[in-house]
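Several structures are given next for inspection.
Each of the next two complexes has subunit A plus one more chain, namely subunit B in the first and subunit C in the second.
This part shows the complex of A and B:
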């Protein structure tokens, strides 16, 4: 008990390293208690089997009260904090005496007191290290639980109703969480949610840097005029046949969305599409709505195609190649069905009302306008893009995270084309990055207080061990909910839930449930006008061209598209994974 | 230079406004200035404020919409110009009226309750009064928009 801290810390680290080497197996003592090397180890999990980090584990006499550890305070003897993997290791530096219990406590969980038993104490005193059975902590509902839950719901509502900018909504949520965590305990200690340092642990930096890197690449590509050129080529190739033009435009939009973000794709495709449609004398909506459908659906075929896939890929360690091989075939089938569906619903609108002279004059203007404006940069972006795809696909062999590939690609492109760096940095949508960071904090808060655990328990009880039921539930609940609420916060909140189900349902180890989440959350975007940001920007531009897209109009066209594509993707996943 | 300023947005609802402008221009033998105002307010609530990306594309789309109207006007023997601006629609109409010393402004009267429509009936009437006071133009309504 009289050892100084540095000595204890050194011993602890040595013991931790030793224990790690031997996999925390029970080791036969080579020394008596009080000698270096005798340790009591164990692991702490929550009810979903997820490791609990930061739980304080103490050997003490029954009924003794231990004050909670304050920030920066040192651990006492016979005390340890669990690590990220839930493990703890208590060095036994002096012989133990009498009846002892192991007390495990952590904010937002019920404290557990486990008797050590005389046999364990005797063994430890004899110099034998012991590994205990896992400790399972159960969340407790406190005021903080309700506050974090209400704040999260408030963020969702603000985003859904558009009362505040998405980023401001999430930022406000994070700020409120910190206000309650830091100032709340002055009034009532149960108002504490988590500290700033704990909140930072919930931010997935892989996601943030991947999005940032891709934004720089997109900023270069979008200036080259490639979209306008492609759309005009589509018109040329179609030979003025609207049905063929529609199919080609859907494919172009879909493929572009698989590698770039959907919003940028639709921002660039919509104005040129409106012009082509007007030249041909057809309603622009007959081309725009199918394009946005394709963008939402085909985007999920790659890791970088949608923000939800980036979230899912990073959380579940699903690689670029895995997304391609497991989702792309199903997505392509869904795209074919979507093209047929679009041709059917717009069969009347796709009949041209051609005024030859006007069409000629308008096409002349389009031909002048739809040119590659920066051919050299486009070639360079193409080379770097191919290199990035190669690294995305093979990167997992070198344990290279997608964010690293994105940063390397973006940097290489910037060095090669030497753009105005200020302009390029301005092209990074920092508000989106702040949105993701603050959203992670809001989701972290509901995870911390246990809301996610309760949802996981509830869904777990509902689907039991039935993988098919779990797949169907995640795909369809995801699709329907993403129709009405923003799919990014929904997906971020669902990740730990799906993680729990993956660990508990036989057959789900293939990560199929994460693919289901990807399908549901992205394809749900087609269900309503507010289901995806790409829908909103398309509607915004169309409205400014005199072709407003109302909520009802989109719902009528989009909801059947959702049912068709989600149904096909669902069947594909069932065939692929069962 | 005098003439008619005709603010259009494109689409079938703008057609009566365009026809009215052409017919008035023919009647008074003055040119018509088709005006399209790029307004990017719709990007405000999305997670990406990509105004730098879309601005040029919207300008091209505006020019295209006005070009279509210009072709129609020329067919009727009316001289027509294209003006594309960015910013607040009302302010830009006033600015263009002053620049071209317009005699008339033709704007569409809304048929129904359009969401986010700048020219709902009440505001349209106020706008008409303001425009006539500030620019000395005569405002003519057309059914549409």
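This part shows the complex of A and C:
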């Protein structure tokens, strides 16, 4: 079977090459129908202008019923499947006869019957290859649509309420999708969502490998003690002035978050920050909350700073350099505003109140503790890190995906440092990687059944061709929704929607709407305690030091921060792109 | 039965919410002349809910150092109030299990604990189950448990 399919692929490529030589418009063929080289070609798109892969296109008599192609079954004559770019090519091996139609059918879409017309048939019979006008398929709502939608909502709710681990929620969603796809058709064929092979096509491996590579690099860096050392240096530089310490810590946390994931940054910064605050006799929350704000905001200035940026960058082909030039200036302005806001809201808490003798004792302990533990490895990690940044920035010139850079960097670091390889591999957060893979499958399912198309149509109808309106809608809806629902699944689901809007709104070719999505989904994390994993981690550690952060407390401090930073970033994007 | 108290355990995390519990323990230590030990159980189960699945040895160390810091402050406070014999113990792991274990190991006569905090990520006790846990702790550890409001 594989051989026969390969033969068909070879035939397709040969025919395509032939068609390219002679042009895709109506061309004068050199052979009559029945001779090799005569083809009927065309493209199939959905309503958002995205190519539809896997649609079966058949030349047949009107009203004739064509059974759906079963797995492993060969295509009949006068039949073709659309490729990833939506194109199809039907070789005309025998003369055609009578009234014919082109039937385009695909699961979850309405079947389209297009009359070929006698002129086309005549030309094909005369040996001319024909390229037809694009076929536009429209989704149809079936029971599978509702099932996939409900499963996706269930995953979102489970993640938001914390009833199940994020990974288990997404894994369960993917498993349910496959149960309905494989066992459902026994009861009702409309329960089919998509096959395992189709599901795999929705997994963005660039994202998975980029995250994996960065995890290995982070695992090396986090052991060096650099964060503890930096935080203590911040205290030294501040000369014990809490306001200056707060500003420096926010900058350190922000810069670290731009290159490492926010959760790791806060995991490493929180314990040392608590100790510095306690030594100075100030509430740790007065330093921790501003730090986590900075982490959530500044993280979006680079491609690798947040998982949402990794998703966006990979989908929209936005490079590391593009994120730096288009988002970083706005983010830095937002950071300055955030520092001023934090100084204002914590103006009372930032007054020191401690005994000099006790402070000396605690600082002595802190000084012993806050040392770089692996200086040689830190230097090596620094060299490799610089090389990676260079490759991230220049990689697009030689079509090198960020995931390739991350894998090269991680491998170079492992070879150079020679750590315990098993320990390093254990440092990779496999649960997060499984979360991403299964989440892609869940998002793929709602894309497959058409939910994303309907949302795109709805938003498209709301904003029309107005770019400013679209920008504001994406930033603010993204920010508010990310306050309450996990921003990673939200971003993953929004990518095709934003892709549609980018293709349909004049001026959006600059990919500005993707930057809006980045701003909204990340800055929304500051709106509530559950808005970002980094918030939860910080709250968990602070609570273990006796300083719990309640939902209400975080909301009171965080929501104004969301409004300020999102507003500034929004103004920046409007100035930059309009 | 000898009612003399020689050892007092005070299980707290530090911070403003444990102020009353610590004050009660210090007062009792001063009153009885008993040794006062602050106990801090460092659980990191909350990290699991934040999608952290990788090895956390480094992070655990940081949490322990933070715990030592908060305990040092409490020890200093007790010493300033005049408690002569005071120290602290920190152990990693599930708080329920650690509390029972430390009660058995130290053979203290009294354990002072606070009411549960209001923290959202707390995985220790619900307010309603505190009394029953205190009873269980008293039974398993063979000591008197005082829950400070």
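In the analysis below, the second predicted complex is superposed on the first by the 562 of 578 C-alpha atoms of A that agree within 3 Å, B and C clash if a C-alpha of one lies under 4 Å from a C-alpha of the other, contacts with A are read in each partner's own complex, and residues count from 1 in each chain.
Here is the rule we go by: contacts are C-beta pairs under 8 Å (C-beta built on N, C-alpha and C of every residue); 3 or more make two chains touch, one makes a residue touch a chain.
Just so you know, these numbers come straight off a predicted model, no measurement behind them.
Bringing the complexes onto one copy of subunit A puts subunit B in a clash with subunit C.
By the touch criterion stated above, A:134 is placed in contact with neither subunit B nor subunit C. Of the two partner chains placed around the shared chain by superposition, subunit B and subunit C are both touched by A:536.
Judged by the touch definition given at the top, the superposed model places A:362 against both subunit B and subunit C.
Legend: residue contacts after superposition of the two complexes on their common chain; A:549 is shown touching subunit C, with no touch to subunit B. Once the two complexes are laid over each other on the shared chain, residue contacts for A:432 go to subunit B and to subunit C alike. In the superposed model, A:85 makes contact with neither subunit B nor subunit C.
Within the superposed three-chain model, A:99 lies out of touch with both subunit B and subunit C [touch as defined at top]. Overlaid on A, the two complexes show subunit B and subunit C touching the same residues of subunit A, namely 162, 165-167, 222, 228, 263, 267-268, 271-272, 274-275, 278, 358, 361-362, 365-366, 369, 426-427, 429, 431-432, 435, 533, 536-537, 539-541, 543-548, 550.
Residues of subunit B that touch subunit A in their complex: 8-14, 38-39, 42-50, 52-54, 57-58, 60-61, 63-65, 67-68, 71, 114-116. Contacts from subunit C toward subunit A in the complex involve residues 12-18, 42-43, 46-55, 58-59, 62-63, 65-70, 72-73, 76, 117-122.
Partner subunit C is touched in their complex by these residues of subunit A: 162, 165-167, 215, 219, 222-223, 228, 263, 267-268, 271-272, 274-275, 278-279, 358, 361-362, 365-366, 369, 423, 426-432, 435, 529, 533, 536-537, 539-541, 543-551. On the side of subunit A, the complex with subunit B involves touching residues 162, 165-167, 222, 228, 261, 263-264, 267-268, 270-272, 274-275, 278, 357-358, 361-362, 365-366, 369, 426-427, 429, 431-432, 435, 488, 533, 536-537, 539-541, 543-548, 550.
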